[in-house]
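Encoded as structure tokens, the structure appears first; notes follow it.
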Amino acid sequence: MTLSIPEKDEITAQDLPDGATDEMTAGMTAAEAVAIRLADETRDQVDRPEAPPRRSRPWQRYLEAELGLREYWYPAARSTDLPEGATFAVKMVGEELLLVRKNGRLYCVEDRCAHRGTRFSERPLVLSEDTITCWYHTWTFDLDDGALRCILNEPDTALVGKTGIRAYPVTEAKGLLFVYIGDAEPPPLSNDVPVGFLDADMAIYIDEPNVLHANWRLALENTFDPGHHFIHNWSQFVIESGFPMTFGYVAKKGEEHAEVSYVLDPDGPLGFSRCTKTTELIFSATIPGKNGRPDTVYTAPAAVGRPHEELVADFLAMPPIEVGIYLPCENATVNFPAGMTTYDWCVPIDENHTRSFMLGGRRCVTEQEAELWRGEVGHREWKVPTIDKFLVDDNKARQSMQTFYEKENGWDRERLYRPDLEITMFRKFFSEHARSIQTRDKLVGPRSRGRRS
Amino acid sequence: MTLSIPEKDEITAQDLPDGATDEMTAGMTAAEAVAIRLADETRDQVDRPEAPPRRSRPWQRYLEAELGLREYWYPAARSTDLPEGATFAVKMVGEELLLVRKNGRLYCVEDRCAHRGTRFSERPLVLSEDTITCWYHTWTFDLDDGALRCILNEPDTALVGKTGIRAYPVTEAKGLLFVYIGDAEPPPLSNDVPVGFLDADMAIYIDEPNVLHANWRLALENTFDPGHHFIHNWSQFVIESGFPMTFGYVAKKGEEHAEVSYVLDPDGPLGFSRCTKTTELIFSATIPGKNGRPDTVYTAPAAVGRPHEELVADFLAMPPIEVGIYLPCENATVNFPAGMTTYDWCVPIDENHTRSFMLGGRRCVTEQEAELWRGEVGHREWKVPTIDKFLVDDNKARQSMQTFYEKENGWDRERLYRPDLEITMFRKFFSEHARSIQTRDKLVGPRSRGRRS
Amino acid sequence: MTLSIPEKDEITAQDLPDGATDEMTAGMTAAEAVAIRLADETRDQVDRPEAPPRRSRPWQRYLEAELGLREYWYPAARSTDLPEGATFAVKMVGEELLLVRKNGRLYCVEDRCAHRGTRFSERPLVLSEDTITCWYHTWTFDLDDGALRCILNEPDTALVGKTGIRAYPVTEAKGLLFVYIGDAEPPPLSNDVPVGFLDADMAIYIDEPNVLHANWRLALENTFDPGHHFIHNWSQFVIESGFPMTFGYVAKKGEEHAEVSYVLDPDGPLGFSRCTKTTELIFSATIPGKNGRPDTVYTAPAAVGRPHEELVADFLAMPPIEVGIYLPCENATVNFPAGMTTYDWCVPIDENHTRSFMLGGRRCVTEQEAELWRGEVGHREWKVPTIDKFLVDDNKARQSMQTFYEKENGWDRERLYRPDLEITMFRKFFSEHARSIQTRDKLVGPRSRGRRS
């Protein structure tokens, strides 16, 4: 199983590092060139004696993106959260949304009356096939474009056509309801989801979303953090299976760019994919002694007593894991577990909370097979071993840095090391390519252009 | 049963709209003239394409009154909260108060020692007939005027006569304890309560006060909001009785002033009374279809299948409901329910919380009749149908706008419509007539002038 | 039993009040001279008609010390909180600490990884005899000096020797773990604890620490507040024993300095000791009547009906109680109860919370006697009567002023009286002698110099 990542055919000047010569780039793909450039341009951010202040970081837009990106599709809820005739309220990317499914059509509007701010969701009244009526003062809005349709107790009001609420494009795919947060004409959903996710044969098992007390960037970085694997030595899956975890997927020095391929297709998702090539597997490390005391060798619990060659061979026997990261905020890990793909959307709720949608994907030939996967088979083969016994430790880790970043000036004080280079490369890539940044003032501005019906 | 509202005999220039001629005002009472002026002066605040910013609103003092009004009487507690010999602590209009009843006399002082701020109420010590002693350091204050009377462990202190705590005028009426928040000589209580409330034959049933998470203005506006009645279609009383609610008591365009009579007697309460005259009763409304789809007619659930004429006749058969609003913050609705009056004081606690005292009044000929009303009869005939089965929905509504006004800049963003005209008129009236506005800096200033004994 | 307080032999100019003549100081000790000077220099701060604003107070450093003092030893935990091989996380003086006991040695480091701020304590990994490893990214720090020792998943990192976390000197005494908060070379522990506390024959019973919602200064001042004793008339011990409390230990006017001896030994703790000399015992006080009404005499409940001479004789029959206060934040009350010493450290947690360590000391001749004291005997003879039945009321009092000081500008508004003179004297003494003040910006600065191994 391999990813088929669309690529630009030609390398353009902006893809290349400064001073690159034709000779240097001969035979390179654009994806490779971009990786080299991003590594070059952020290498001075790691292994520094003093943490540089925030304002000198080369990823300013990333720092501004406390509330996430704007002009993107995000999963807002599961399809099952919104049966026919129902409504569902959700806060996302700082916005308060009301999802509606009526007569088989989907709608999403601001959950806030244009009159005096009452939340529709406290008593949702869908009194016609395509309107929402505020339960307090009868203002009635078009679910399609948010325009004021009428006011029940003031039939001749002059306000019709002059005011309204925000309406959001919404669509359904793979058991999720996706909402477009932005003002521009939305791109196809396929631009904002991982490569392959929408493929017809990809069946998706959907876990219950988790709300994390962590900014979305801390949650997302964890999904591809090359230095984080150590935490899984304490995961229940590792303890039960006896399959030891390496201490990290750290690239060889100077070869970090070779781990990642940036995805640059202007008509597809933007992000990168990592397929570990140069990392050495570390199951054991030496802590030097001090003052003449002996060194201590620490070995991963499950690796104790097993030859290094055997451990490496076990790892290499597995299908290669490919980690993909895409804008606005999602991860897709192919062959994790083997033969399956684990998806994780880290959707910002507000500055300090993230809703994590974890999904298990498997390609299925028949609809019957897919149905079993979305039910008990996915539960048994993906959810229990992958989420409950393994990724639960990542949720602990994601939240463990929140105090530092929220209250202790962490973005100024963080002191990165070389394995963070894939993180710094991504931050710069993000700053270069994000369509727009969500900000507090955009939340209270005039209404968005509605969706086209 | 009719209200007898005292009126000014003469119309003065300030009562009239700009440019009013003698001809225009011939035969007008001052109450009518003021209503016309207030409607004229606030009409440009409703039905606007863009919400005007807060600073351009013609009700600036109302906007400043987050903590309520100053120089007014407010109900602080029920008489039963304070038996002989007891104390009762309450926060109100931003101030922290301690009520005391000792040897049949009532007192109210600041619940905060002048020495180092300890709250008396944590261990209230009334060691003589008219003093409160701080349980920490024995400072002893006069309950009448707040002056330091003595210090038990420093008998010769030089501070006597030089310091003290605030003391508040307090009085008892109709089973409530009223406290005067202000520094000036208090007016008679009758100036600050609804017309008729203190009448000898008015018996009052007192419900347990509710603490609402809502600014007092949002709570008070709900009590006379002409557009809010729609919410009661979901009230238990309506469902059980089958008596449908109209969608609002919205005046005819250009006749809004005719609904309200402003009360202007300088020796009585200030406010207004509404007795619906021009409104049409709406039990059914049309939501226009879009893109060629048919209109939807929505009818109040309890009105479905009943002829409009019959519904109107049922309403007109009821005694006319008169809604009175008075400064500082109270409502009196005569003939609601028929033959009774429902009172509601929306007393500010702090910027975001309100204590609502809801009372049921009925005129009683004998004391025996009054006693029954204050007990089981009032409970059965007023409290259960009016509060538990009806006004409970208003408490939901009052709190539903709080997030918008507290956190989302609602006073700038609200976009009013024509039925809000009675609200805008009141806001302007309030700004013109409020004796004083409570502010944070007044809470920590020097002590108030004490009450006269 | 008497305290042996070390004293300076010579009086220096700075000890004396302005304009002191040789004649005035003839026969004075430095301790006496300092007390006179402090009383003189703060007397104008009490009994004032208006509370002076904070900025004019002569104890500015005390006002700045919201988070406590820096460059001092503090108790962080009980020895039993940290068995061999364990770790213990604690917040103190605004800093987040991790205590470690490994192979019989004690360590204390910042509980925050230098990389991205993860708390070690969420999964403490002591993988060698003297290191702590972050469970997220394998950064491994020297427990002695906080230096980065190695990174398990990046063995060749260039960061070793260039970064690290704070390390704190730590030591153990009398069943407590003391940590030094500061950057300088720490003085001996004996400089920062009460005189006599470390004596070999002093056995210590340790009560469970209490977390108080009170700034540490409000907690500490309570321990020596001459006007606070009135609160104990409601203590269970007083009610059960019938032994009445005086209304305060208030010195005679002009003799306040005679109550206190300042401890000035530069090689020992700094603070003062009070041994009541001039106070009169007040068990009864008169509240003057007003407007011709009679006076009220209030007598402490347990004193009612007993002759004043008998009450005084009972008090004088007790061994004299000596209250000692020492920097940074501790109290030692000798002969309270008789034959025992009660210690109380008011350790700042943050600006609004204090951890109070209350300890009961008794001199014991044999180790067997000491062991009994630390167990059931201390529980029965000290903890139950002294803490549970008496000092629990002080914890109520300490918290009763917090709202005023935290939210109502109390440091500006407090209006002190003459019995507070010992408090004002201490505040000035503190401002003159505190080695350094802890501040928010010191919490996020570069790491402290580590402890020397």
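Should a chain be cited, it is by its letter among A, B and C, assigned in written order, with residues numbered from 1 in that chain.
The criterion applied here is as follows: a residue touches a chain if its C-beta (ideal position, glycine included) is under 8 Å from a C-beta of that chain, and two chains touch if they have at least 3 such contacts.
This is a predicted model, so every value here is computed, not measured.
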| item | value |
| --- | --- |
| Chain contact graph, described as a line, ring, star, complete graph or other shape | complete |
| Interface residue overlap between copies subunit A and subunit B, same or different (over half shared) | different |
| When subunit B is superposed on subunit C by its C-alpha atoms, the rotation angle in degrees, nearest 5 | 120 |
| Whole-Å gap separating subunit A and subunit B, where each centre is the average of the chain's CA atoms | 50 |
| Subunit A to subunit B touching residues, read off their complex | 112, 114-119, 122-123, 127-131, 133, 135-140, 142, 144, 149-159, 162-163, 444, 453 |
| Subunit C-touching residues of subunit A, taken from the complex the two chains share | 47, 49, 225, 227-231, 234, 246-248, 250, 253, 282, 285-291, 293, 296, 298, 396-397, 400-401, 403-405, 408-410, 413-419 |
